Every structure is written in structure tokens, then in C-alpha cells.
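Per-chain numbering from 1; labels A, B and C assigned in written order.
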């Protein structure tokens, strides 16, 4: 009943889907991290307008389902003269949406930093930019790296929704394989295991990173 | 010279400093004492620009700390050692010390590291160079904090109650080091609770009370019966400190 | 040519129907998921051999794979091997219930393990039956610990319901898609759909805070 052998010929197609998922994920993780950093900074700034903008941003993107956002971009962008393909529509929307979660995670990390440490750096004449890069981000990351890991794992799982706007990533490709082989059960069970393995490996990676970043806390 | 003229600092409704006038010359060791809430820590925080002053002027070698364009120059001349150490937790001792020299003074990494190792050596800390702050004792943390400040080659060393978080043994260890620095002729402004220590190292004592300078005199006169002790509040403070 | 038809009064009815389906599926799958999740959590807690571990492993895969794939698996995959036909709504409710249960089981286990073991030992030393211990000691405490986590999960699962549109359930998102295809007014349709979800999420969060407050008060009262 459960037969995978007949599907070996679809392995190359499946691999292509995987590469597409990886590409979308990696680019979106990069963008959403940068965006999250900016939004987190706005969120903790003393500037009222920036602060409320960031707050509204986070609130909006965390409370509207991603599929609604992606349909809005996919059908909306061409209406205002922006013609980009499903890949970039996906990357942009995903980055915007996940940026809200990244921002909240980073904010928690930044707010956990002892104010005295930042003041010490200031008193020695370090510029705000240097303080952010050399002091704030490294310390914030030690706190945020694990929650950040779950945010990015979620991002990878969310790329599956891009199959709804015709992107041929893992899920999109598998849909085609399932309907041509008439073996949807095997295909989707395999896919569930595949995503599971992927997230398992990734959370392991983030745990290692967490240990590396926190080595200075070990002895204390 | 650090020149403070008619300095006021308010936190909202609360007036913490009320018209401070103070000049500190190169080579002097000045202790600032006073009860908690007298504004002594706030004064140090005004000198290194961590608090915005409400009114008055404050210059470090002529650089006005209230002007953003001059603050950096003023900060390069003053280095602070903090009560809670405030070492960068994610950097080891050497990197803690070299961060500002590399990024603010523009020293090369090698130069900064050599300088850091020299400083650590002078404080018997060489064997802790690659340790993280969490792996150090309180006294070691504060010695690292002093190295971090000295690595900036400051003209003025600001010490903000640097022994308050230490137990007596570690306090003695840190005070020994300060005595050595005094011998080298470094200018120090030190906010402290350690009256005995102030008596031992300072040239001048400034007694702060409720945001104003109650007495500013050289050490000998301050501890004389006809000096600072004439002031009942100071006498009361000193007896209180002596009984602790 | 599409884009020429414009909106009609019936679109409001469509919207209301979609909203009803979304909310209905949400409530149904949350309820079933809660029952199933508590059951899995208890089976694991009492370490019923084999079953506990197997269920937890299935839960892991439900938590770590896309909901869309789970929906495809249930809607297309299960009928293909068992011959049991399912309507899209049935498939949606079963999938979301199982998925919710996987998360709830974890919340239940961590809430129970937050109770001090000494309390339970004391209760056992008085020869209270396991059922009484569960009902009178474990359940009330675990419940108040898990409330904020359950509220967070509910807000998340509300958004997840939007995915059932991909297997053809006429929920809020599907209604949006249909109206959008007909009118070609994405800048009107999707903001309305998005705002509806946003308001639902806010309502749920508000309800959650009230619930949390009530139970934290209950906790303080019982401590007095």
C-alpha cells in the first residue's frame, strides 16, 4: 500500500522544489532580520512617531494571516504598476510579515541588556553605531537566538503557502507529483517528514549557535 | 582643567544639583563625599556627559560637554570606572579593554592589545586576560574596569563609588591599586564612601549636601577640628560613617 | 472580461457566510483540539507505555510541518488509501483539531510539570485516589498556569484557519479570493478581509486578558 519506489523518478523535481524553498527562505531570513532590527530600534526609540509606527507595524503583521497578505501583494502590486514574479512577491511579503516577529524577538533581547553597560560604552566615546554593532546586538542575540530560531523555522514552514501563488517550491512541486502519480498519501506523508527533519536540523543548529554565543555565561 | 560653573540638574520636579561651582586642576586628587542622595554620582555623570545638565556650564579642558560636537573630545579626556563594573559581558578582559582604544582613539589592534597587557600586568591580572567578566571575582572585575579606563590614556580618571559593590578584602585590593595611580600623578575625581581612604589619598575634599557644595577645602583643613568638622552636618556624617 | 462586474449587496452576505465558516471551524477545532490535547498530555503524563511516546512523536511532526501540507494529506491523502470520502470542512476540522491538540499536549505537560512534586507526594501519602488528585490538585493549578499559553495558541490558530481555503472550504479567505477574482479590486477586498481577521484577533486577545485576570484573581483568593 505504502509505495515510494515508483516515485523515485520524481526525485529531481522534488529537489528543485527544495532548492526553491531554500532560496526563498534564505533571502527572506536575511531581509526580515535587517527589517526586524530597524523596527526593533524604532520600537525602543524615544521618538514618538517612529515608536508608534513600529508598534502599529508589529501589531498589524502579527494579526493578519499570511495568506491574506500574500493574496493582497500578488493581486495588488500589478494594479499599482509593480510587476514582480511570484518569487519576489513571496520574498517581499514574507520578509515584511516575519520582520514583525523578528523585531519583537530582538526588542526583548535589547531590553534585557543592563543600561549601565551601554552607558559605560557611551562614556568612553563610542559612537551610537559602534555601540549598536559591538555591544547591543551581540548581547541581544545571546538572549534572542533561540526564539529567533523558532521565528525562522516558522518562516520556512510558511513558505509552503507560496504554493498558493503558483510558486514551485517544495509544497507546490509535491502537489503536482501527488496528482500525477495518484499517490497523494505517500507524497504528503513524505513531505511532512521532510519538513520535520528540516526543522529538526535547523533547531539543532540554533541550539549550537546559542551555546556558542553564551559561552561567556557558562562559568558565571 | 575641569570647570563647573553654576551647574543645575533637575530630574523633573526633583532638583538634584543646585548651583555647583567647582574647578579641578591637573594633578589633583579630589574626593567627593556626602550622604546618599546628595547628588555626588549625578555630578560625575554630568562630567562624562551621561546626564544632560539643566543649566550652567561644564567644560573639560575647554571642551563644552553640552555641545554634541565637543562632547566626544571631552569624553576622550575623562575615563570612568563604575560602581557596578559594567564590563561588556560578551567580551573577554582584553577585548573589554581594547574596544574603545581601537574604535575611539584609532589604535591598531596590536597596539591596543600590547597596552592592555601592560596594564593588566601592572595590576597582577595578566593570567585573567582571556577570561570573561562572569569568570572573575568582584575585585578582579573592578581591576579590569580600572584597566579599561586607563587604556584610554585619560587626563582625568572619574571613579564612581568603585568599591561599593565589593567586600572589605576586595575593597582593600582595589584601593591599593588606586594608591599606586596617585603616585603616578594621575588626576582623579573620586566619589566615595571610604572616608579613611579619602583622607589617605586626596589632596582636596568636596562635601556635597542636598545638591550644593557645603565645603570644598584641602584635606588637612577638612579633617581639622576647626575645618570641616565645624560644620555640624559634616561632623554628623563623619561620625555616622565611622560607626559603620 | 473580469473586473467589470463590481461589488454587489450579496458580497456582504458572502462575507458574513465566510466569517461564520471561519469562526465555526475555529471554535470546533479549538474545542476538539483541547479535548484531544488534554487526553494526549495525560496519557504522556501517566507514561502509558508505547501510546504516550507514539502520540508525542506524531505531535512533533504536526508541530513541525506546514499546515497546508497537513491539510493536503488529510483531504487528498487519507481518502486515497482508505476510500473514506471527506468534505473539505470535515478535513479542515480534523486537521486543525489534530494540529491544535499537538500544541495543547505540550502546554498541558509543561503546566503539570510546573506543579511541585512534593504536593503530589503529600496528596498520595493521604491515600487520595489518582482521579481525585488529578481533579482537585493537578487540574486547577495546571489550568491557571496554562491559560496565557492557551490564549496565545488560540490567537495563532485563528490565523491558521485562513489556510483551509486551499482545500476549498468557503471561509473568509476563500470568499475574499472569489470576490477579488470577480471584481479585481484587491485594494478593497483584501484590506477588508485582513481587517476582519485583525478585529477577530483583537477580540480574542481581549477575551484572553479577561480570562487571565479572572483566573489570577481566583488564584489570589484561594491563596488567602
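Note that a residue touches a chain if its C-beta (ideal position, glycine included) is under 8 Å from a C-beta of that chain, and two chains touch if they have at least 3 such contacts.
This one's a predicted model, so the numbers in the text were calculated from it and none came from an experiment.
The touch graph of the protein chains shown is a line. Chain-level centrality, scored on Cα centres against the all-protein Cα centre, points to A.
The distance from the centre of chain A to the centre of chain C, each centre being the mean of the chain's C-alpha atoms, comes to 23 Å.
Centre-to-centre, using mean CA coordinates, chain B is 58 Å away from chain C. Measuring from the averaged C-alpha position of chain A to that of chain B gives a distance of 46 Å.
Touching of two or more other chains is recorded for no residue of chain A.
Across the assembly, chain B contributes no residue in contact with two or more other chains. Every residue of chain A that touches chain B in the complex is listed here, in rising order: 114, 116-117, 119-127, 130, 134-135, 138-139, 142, 213, 215-220.
Across the complex, chain A is touched by residues 60-61, 64-70, 72-73, 76-78, 80-81, 155, 159-163, 165-166, 173, 176-177, 180, 184, 186-187, 190-191, 193-194, 197-198, 201-202 of chain C.
Note for the complex: chain A touches chain C at residues 1, 60, 63-69, 71-72, 75-76, 79, 153, 157-158, 160-161, 163-164, 171, 174-175, 178, 182-189, 191-193, 195-196, 199-200. Only residues 48-50, 72, 75-76, 78-80, 82, 84, 86-92, 99-100, 103-104, 132-135, 148, 152 of chain B touch chain A when the two sit together in their complex.
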